[in-house]
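Input: structures, listed below.
There are two complexes below, and they share chain A, which is joined by chain B in the first and by chain C in the second.
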Partner chain A sequence: MTRRDALPVNRVVPALSLAAAAAWLALASVSVAPNRIVPGTAYAASELLGWPLAGVACLPLLGLAALAWRPHRGRLRLALALNLLLLMALPAWVALAGALRLDPDQPQARLGLGPAVWLLLFCLVLLTIELRTRLALPAWSGWLLPVPILGAWVLAAPWLGSLALWQEYRGRSGQFAEALLDHLLLVGSAVGASLVLGAAIALAMRRDARLERLGFTLLNFLQTIPSLALFGLLLAPLAWLSARLDWLAALGVSGIGWAPAFLALLGYSLLPMVRNTFVALAEVDPGVLESARGMGMGPGQVFWQVRLPLALPVVLEGVRITTVQAIGLTAVAALIGAGGLGTFIFQGLGQAAMDLVLLGALPILAMALVADALLGALTRRLDHRTALRQGVTP
Partner chain B sequence: MSDRAPTAAVRLAAWRGPLVWLALLLALAFGMPTLEPVLRGIESDTRQVVYAQAGLPSLLANHLLVVGVASLLAVALGVGAAVLVTRPAGRDFLPLVAQFASMGQTFPPVAVLALAVPVLGFGTWPIIVALLLYGLLPIVRNTLAGLEGIDPGVQEAARGMGMGGAQRLWQVELPLAAPVILAGIRTSVTVNIATAALGATVGASNLGAPIISGIVNGNTAYVLQGAVLIGLLALTVDSAFARLTPARG
Partner chain C sequence: MIELLGVTKRFGEETAVDAISLTVEKGELCALVGTSGCGKSTTLRMINRLIEHDGGEIHIDGQPIREFDGRLLRRRIGYAIQSTGLFPHWTVARNIGLVPRLLKWPKARVRARVEELMALLGLPVEQFADKYPEQLSGGQAQRVGVARALAADPDILLMDEPFGALDPITRETLQVELRELQARLHKTIVFVTHDMDEALALADRLAVMRAGRIVQQGTPLALLREPADDFVASLLGGDERGLKEAAITRVGERMLPLSPRLLPQARVHRDATLRQALSVMFREHADRLAVVDDEAMAVGELSLRRLVGAGRDE
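On to the complex of A and B.
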């Protein structure tokens, strides 16, 4: 048995910082390739700096472990600051490694990020989350903390010109903007349409119990079908329809492209949307509705002024789930020619050009995280407000 | 527990849904060549209408193997990790693991698969690892929710009865958390079946292969075969899980 009154020892931060130090010493930081086709040569920190210097560079990580071993607030704050500095030093390290190994006479040379850099980034981000939780920092700090880190990458950009990811981007910046826009449009229109349609279905379900069972069975069924299969299954009927109906063809509907992607996205989005809207409307406190009626409100007034505002946070939760899901599914839609950032992923996989894959995958990941955080924050805000209006302390 | 042990026939009848899907799946996987006239009607111009690069049964077996191995490993590791961080010895790690598991749910599976390839390379093992990593998250999250959601009074009662830590885990905590854990495994497996199909784009030969090949070559009949079989596989597995999970409400 451990003694409960002993000063708690935090083992999370030391474990993560030691893992980061091990990755730094053992794995390749960067790889250098003379051009896009030839596979690169990988260099670990010890090969770039020599063992003594690489070892010295580990000291901040060990310091982090030491600071958090016997945690109290002051030391943890210091650890968070150190951790942020390390995250900001990462782009400088990549730039330095490039300067050490890249031949200035070879403008085609490309610098790839090695596993050590990715693992360091991963460990340091986990450390940030851990320290933030331990310090119980307010929610807005989650928006503030990434700013200096992104700033450091932007500041280091002039020296990162040979970064392979950057070169891939520079080669197709126009395509990238277009793909980003396509992706956002497809997600936005699918989520928007499913919100309207989902609300209508949820309202209809509230009137008819049989419709409710049937609706949920159908939507659950649809949700189980893997996305690739659903995109494929829509191919044939849409191609058939557009071949027979001129006005559909004029709209640009065909077996491939945005039409099957939009329909499939809409289908997947309906289940979370309908479920949340239905539950939200059903779970409004009957006492509140009763008192609204008692105040002389008509059925329409009760719905628009009481039921809907109270249900809004749960509806928004549905929008959040739907949006995050749609961002990922739209990436798959690139396979049926719907455009979007998935195009780069599948092109890159086809050409075995991994940096092109990253050019598609990283923005999708970022988009999903930002959408999740934004809509989550909005939901909490509304929840808070509703709770206040109901006279309940949150 | 029900008051009378159900007969074998009754027990089998309860599995009617999954069995019907399974029968349909196997019939189509093995009998696709006999459907050639039907497929010919859909795609009359192309010479080949039944996907023949590899037999459909072997593609199905590959798909099941990849998803099965990844899911079993994910269950073992995910439940193990969640149990570990809810024990006194591992509690330090609980906030981080819980936060990461819920944040990881927002990562799109395609992006995870795409990011795994540069690190792990092409082939079957990288896909298994990618599916395993992604499949871990819902299992960890649900196991944590299940274990943390147990009424403290029940825990106290078990302790009062003189149960040790291991006994409490096996006889009280895990059985009580089982429905929530099972729901997590169901999500994980469903997502894995869909993501494994995408593995065909990185060279895996599974049920995604006919779809990709059909899209690339403009052969709708190929697409249809792959799509119907994946759909049936997903429905078979999902309906089996629906049977295992006690009905809600």
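On to the complex of A and C.
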């Protein structure tokens, strides 16, 4: 070990590993229910394995804490590897717990995920992020690290057939694909339309100060209406319109369904989009624009070659915020029959079937995370300052 | 040659520039000086039509500038402002090549010209071509700004406080470089500054502006010796005006040839300013200095009486 590799004492990793170990020992890992209706019986690791074995099984977590206490790069790398292994092993543990407690004579029996599993997942993911930051791993590692984990989870899938989540999915795989597609289409079209419309509004607002005040007042007001109320407010006028105009009805526009959902999403998306685009365009250094004109660039050249490229990172930031927000809001749109993954959430709530709620909620969460990461990466890629920081010359 | 004939600019009720007339000869560096808001920047920006003048006429080489397309005119005129004017998302090479690209020069010619200019301004190509403006020091960024202004080899250069944001040492270095550059290139330069020392050091002609009018114009020496009014006198440094004059006069102009008398110990370079010579006298408690050349060989002598111009030595 060289002095250069020595890092300051790390308290985050030990704290997270100990929290994970405590969750493992104290909380239920799985719950087993004989069928969909009856609430399940929860089992903690100690009940499944017995105290001695459950204690031995938390040794890797204690090891993680020990490795990070007086860290240097070698130990932290080891900790990261151990951490990844634990994440990969998590579904195997659920499968093992199922095998221990499920009665083979009851094919309807369902295996639910307990709080211990969720907390372990949460702590281990945070640990990965923390270790990655400590080791100052390059940006691409963020895309590489999930690969072995997801791979291991897919490999464990055949043994997880009795998982309640999986059973809910198997009964609705067709519906699920349709809901996923509806969700993506609604988000995509709302964000796409708000980008075009938002850019147009922002440009118009830049030309006219009165329009700017009016625009922001209106958009801010729109943002304060609760989403459910906005869906409700759109119901009557759209129903009236589609009853009057045949071509609208032919398009499938009505008081419920995709049309009010799309309009409401568009309304909510406009504020962050317009605000970011407006601020981005306005905040470009006036000295740079002045010299661009002074060099003999025309208005179009100044806009496309100077103003827009310099504003783009902030505009894309607006797209990112809008997209993540729209992915969440679209869940509510299920209430007015717009489809999407929210359908499962509200069905599940109605039937008190938490696993069905999860079937809707987890993909929404994953979608939001992926959209956030992808758009974040795109923003960094288009920002010339990223190249500066990494010392790369494009 | 740039001629301003009774040029006026109004912003609403306010008259920013009031019927000014000014001629900048070819190859001359004319400094516009004055306090903030006196209309000097506005005047500069009317010359390349970033701002349109309301009254009077501006001629470049005898032709009124209204006859040109504004964009084409600006591509013919170099323009350098404080270092903020560089495009932060473009590399140094791309920034410098801007105007040649706007003029649709072939790629190879643009590249050759960029490399030529970087060499001219002491920016090694391999070290700086791919850097971004944020990676440069203030002085380097300003050199890039000047290189960009010179890119299409314009006859006219407009500079708006180009060294305003720099520390005093870098500013002085760049002033010296600009003077050397100008000695080789003979551009017609209009230079806006509020720093009187900078104006005195660089300008062939000074135009002092106040409230939109030119109060006085002439050579630096003429203004220093006979300021038109108290405003010009105070802008030129009030009682320190003598030192300013000393700062733009070379020792070589006042020294006397070597005499049989013993040469004093204290010495000063022939190209030093009288102000520096005075400083040496003050520091060395000497009223006579030996004047030396680059090889430290004595070439003359300078007495305090001679320095202050109180007639010849006896």
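The criterion applied here is as follows: the second predicted complex is superposed on the first by the 374 of 394 C-alpha atoms of A that agree within 3 Å, B and C clash if a C-alpha of one lies under 4 Å from a C-alpha of the other, contacts with A are read in each partner's own complex, and residues count from 1 in each chain.
Note that a residue touches a chain if its C-beta (ideal position, glycine included) is under 8 Å from a C-beta of that chain, and two chains touch if they have at least 3 such contacts.
What you see is a predicted model; the values in this text were computed from it and never measured.
By the document's definition of touching, of the two partners only chain B reaches A:11; chain C does not.
Contacts of A:384 after superposition: chain C is touched, whereas chain B is not reached.
Contacts of A:52 after superposition on the shared chain: neither chain B nor chain C is touched.
In the superposed pair of complexes, A:365 makes contact with chain B only, with no contact to chain C. The partner that reaches more residues of chain A, of the two candidates chain B and chain C, is B. Touch criterion not met for A:107: it reaches neither chain B nor chain C.
When both complexes are overlaid on chain A, the residue A:133 reaches chain B alone and has no touch with chain C. In the superposition on chain A, A:292 contacts chain C only, with no contact to chain B. Using the contact criterion defined above for the overlaid structures, shared-chain residue A:174 touches neither chain B nor chain C, since it reaches no partner.
When the shared chain is aligned, no partner comes close enough to touch A:158: not chain B, not chain C.
Contacts of chain A with chain B, set against its contacts with chain C after fitting on chain A, share not one residue.
Residue ranges on chain A touching chain B, taken from their complex, read 2, 9-12, 115, 118, 126, 129-130, 133-134, 221, 224-230, 232-233, 235-236, 239, 255-256, 324, 327-329, 331-332, 335-336, 342, 345-346, 348-350, 352, 354, 357-358, 360-361, 364-365, 368-369, 371-372.
Interface of chain B with chain A (complex): residues 42, 88, 92-93, 95-96, 99-100, 103, 106-111, 114-115, 117-119, 122, 190, 193-194, 197-198, 201-202, 208, 211-212, 214-215, 220, 223-224, 226-228, 230-231, 234-235, 238. Contact residues of chain A toward chain C in the complex are 285, 287-288, 290-298, 301, 306, 309-310, 384-385, 387-388, 393.
Only residues 45, 48, 50, 71-76, 79, 81-82, 84-89, 91, 98-99, 102, 130, 132, 134-135, 148, 158 of chain C touch chain A when the two sit together in their complex.
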